[in-house]
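Several structures are given next for inspection.
In what follows, chain A forms one complex with chain B and a second complex with chain C.
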Partner chain A sequence: MAEIKYTFSELLVTGKTNPIKLIALEGILDESNADDFAPKVYEVIEQMPEKTSVILDLEKLSYMNSKSIGYIADYFNKATAKGGKIVIAKPARNVKETLCVVGLDQMIPFTQTLEEAKLQA
Partner chain B sequence: MKEIQGVIKGSNPVKINSDKDIEIKIEIPTKAYFMSGIRDFTLQMIKNMTDFSENWAYRFQSVVDELCNNAIEHGSDSDSFIKIKFIAVPDKHIKIQVEDFGKKENPITAQEILEKINKTQQTDIKDLGLRGRGLAFIVSKWTDKLEIKDTQNGGHIVEITKNLNDQTFKTLERSLEPNQIII
Partner chain C sequence: MDLKTLICIVLACLPAIIWSYVFLNRRDKNFKTYLWIFLGGTLTVFPILGYQLLYSNTVGQTSYDFVGPLREVLSPNMWYVVLYSFVGITEEFIKFMIVKITDKKNPEIITTLADSLKLGILAALGFAFSENIIYFVRIWSRHGFDGLVGPFIFRSIFTVCAHLIFSGIFAYYYGISKFARDFIDFEKWKGEKVTIVDYYKFRRKYVYKGLFLSMILHAIFNTMLSIKMPNNINILFVILQVAAMFMFLQYLLNQKTGNLTFILGEKYNSTMSVENEEVVLELIGQWYNEKKYKEVVGVCERLLKRDPDNNVVKIFMNKSKDELEKNEDQ
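And then the complex of A and B:
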């Protein structure tokens, strides 16, 4: 059974006008739940102020399919259209491989730690 | 902003036990919630049937998931089913075939699917839409051969081949997972 748990929170970072939106995922994103989850992220991006960064913490995400990756690319487009950034933090090896094989690493920076992600955001 | 937490559940479990065979056939209804079971099955089967590392087992898991999702979404009606066939030829290759039975409305041909794949591969990554990355990148890059054929009943058979003489497998660790297939 595919299940995705998510936590939306904010990180206050010195020097940043707006708090960083932190989206932490745990579980699996596949064809059965990707369409239900995506609107929740779109809502965060739509409501955030201009020039806000979003960190996707994928440490506990064990699987991600191509549609979910398509959504991340779309989050990137929507966030950058508002002058913001998207950073992917701590992806598991298999998830990172899948993100790279479709070329997402050409669009979005990946980091090994949350601290690095904050610096990139 | 207040911290927001939630859970989205996707599907009900399906459990099947199987021995390690050279050829395994599975039929599933065209519902995405069956795919978690197929992914688990693929992961264990690749670990058990081959010397592929865990890394390659995960890659195959994605390949099968994308093949099936494509067959369900683009090649099938909602009340239909798809057939998945795993064929392992020792010391030669693994083949995976996914057969769908076509859509009554807006059917697509094998040639049109191949053209879509080619177009996606030629498109700048930043200009791609939500879909299309599965066959064009995940399946194409992690397999040695991808064939798509039309069938007489209006469906398609998509077949991938992964050769077992890939030198990269020898440098990767042998899986130590138990020899049982459970989905």
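And then the complex of A and C:
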């Protein structure tokens, strides 16, 4: 099974009233672990209060398979249904290219830094 | 050449010109080649006449003659079923060979399914043209010019159109078999398990499917035209059959998938890495299965900017557009 490390944390940003969740990923998301990882994010989104924003930090994620991309689109739908937002921060070049071809950049803001992501969230 | 034959040739030209306007575009890239295929099609009537002559002058004269005894055993209607089914099957096979030989010699002519279909139509148009001349001369000789008017109108509208459709159908499926590799990849990305053996199976399947369909339809058409039924109900059946097949052929010609151009030779390299492109193709396949056709079209458009010659992406895009159009119509 491919390795995926993840951390969930809450961010406090001055000047922002809505809560922000940070999900940082490291490793690869492929057929062997995508289905196991996804429920963890769903749980976070389900339990978070209304209007919470989620920042996905993909700096150390070197590969995502198609299922994981589908899951991101689904996270976006679930988060926006609760009045929240999803922001993707620092995606690796190849991951970013794939996400852009799929068209996720038209729904979800991509940022170069975590600071920018906080402002977007 | 006597005047009667000359007039019959002119008469046979009329449906050929009209139907070629209906099915073919004058500004088509292969217009000149199409003319040659038409001329080739006109010659296909000779092998069919040839084997009939050969039979009646050889086996038909001996004790090995199996046709005479068969005719005696069968009822008149059943005899027509056997005879005209055989004629229809042979005609389709010969027209198929014209398309196949033309494609093997000039593979660059068929780059879309519609091209393949048009090739079949052209071969059939040539065949129908020659067959019409023979029929018109024969009918005129037996029943005079007045007796020719009805058959001329019927053959020009229904018989010629039916010939074009039969051949158009096998040629369309021949086109699918020609682009088998891309269609198999399309199946693969949709999640089907395919192997190299499937490639050959796929090719054979579509060639046989097209030939079988056209032969069966032709045999039904011929049989219905020749048997006797009360109130000529068989003619009504023939008219309905041709109308239904005409709509089917127009549907195949107008489909986006039928008109997408397959790149046969060298292709531009994709600017995306193979690994990333495979991720996108996997997702396209998933979304296609989930009927998210709008999303598939969007992703394909962006992917084609990076990999413009990818035939599989083009198939996904055009099939999704066809599905979207179908949904709009409903």
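Basically, the second predicted complex is superposed on the first by the 119 of 121 C-alpha atoms of A that agree within 3 Å, B and C clash if a C-alpha of one lies under 4 Å from a C-alpha of the other, contacts with A are read in each partner's own complex, and residues count from 1 in each chain.
Keep in mind that, in the parts below, a contact is a pair of C-beta atoms (placed from the backbone, for glycine too) under 8 Å apart; a residue touches a chain by one contact, two chains touch by 3 or more.
Small disclaimer: the values here were computed from a predicted structure and weren't measured.
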Chain B and chain C placed together on chain A: clash or fit? clash
Q: Applying the touch criterion given at the start, work out whether A:V101 contacts chain B, chain C, both or neither, answering first, second, both or neither.
A: both
Look at A:Y6 in the shared chain and tell me whether it touches chain B only, chain C only, both, or neither; answer first, second, both or neither. first
Partner touching more residues of chain A, chain B vs chain C, is chain B
TODO: Answer with first, second, both or neither: which of chain B and chain C does A:I69 touch in the superposed model?
DONE: both
> In the superposed arrangement, which partner chain does A:S53 touch: chain B (first), chain C (second), both, or neither?
Replying inline: neither
- Regarding the shared-chain residue A:T111, is it in contact with chain B (first), chain C (second), both, or neither? neither
Going through chain A, the residues touched by chain B and also by chain C turn out to be 63, 65-67, 69-70, 94, 97-98, 101-103
Seen from chain B, its contact residues with chain A in the complex are 1, 3-13, 32-33, 35-36, 39, 55, 58-59, 61-62, 65-66, 69, 72-73, 125-126, 128-134, 137-138, 141-142
In their shared complex, chain B is touched by residues of chain A numbered 1-10, 19, 21, 28, 30-33, 36-37, 40, 63, 65-67, 69-71, 73-74, 77, 93-94, 97-98, 101-104, 106-107
Contacts from chain A onto chain C in the complex sit at residues 63-67, 69-70, 94, 97-98, 100-103
Residue positions on chain C within touch of chain A in the complex are 272-273, 275-276, 279-280, 282-283, 285-287, 295, 298-299, 302-303, 306
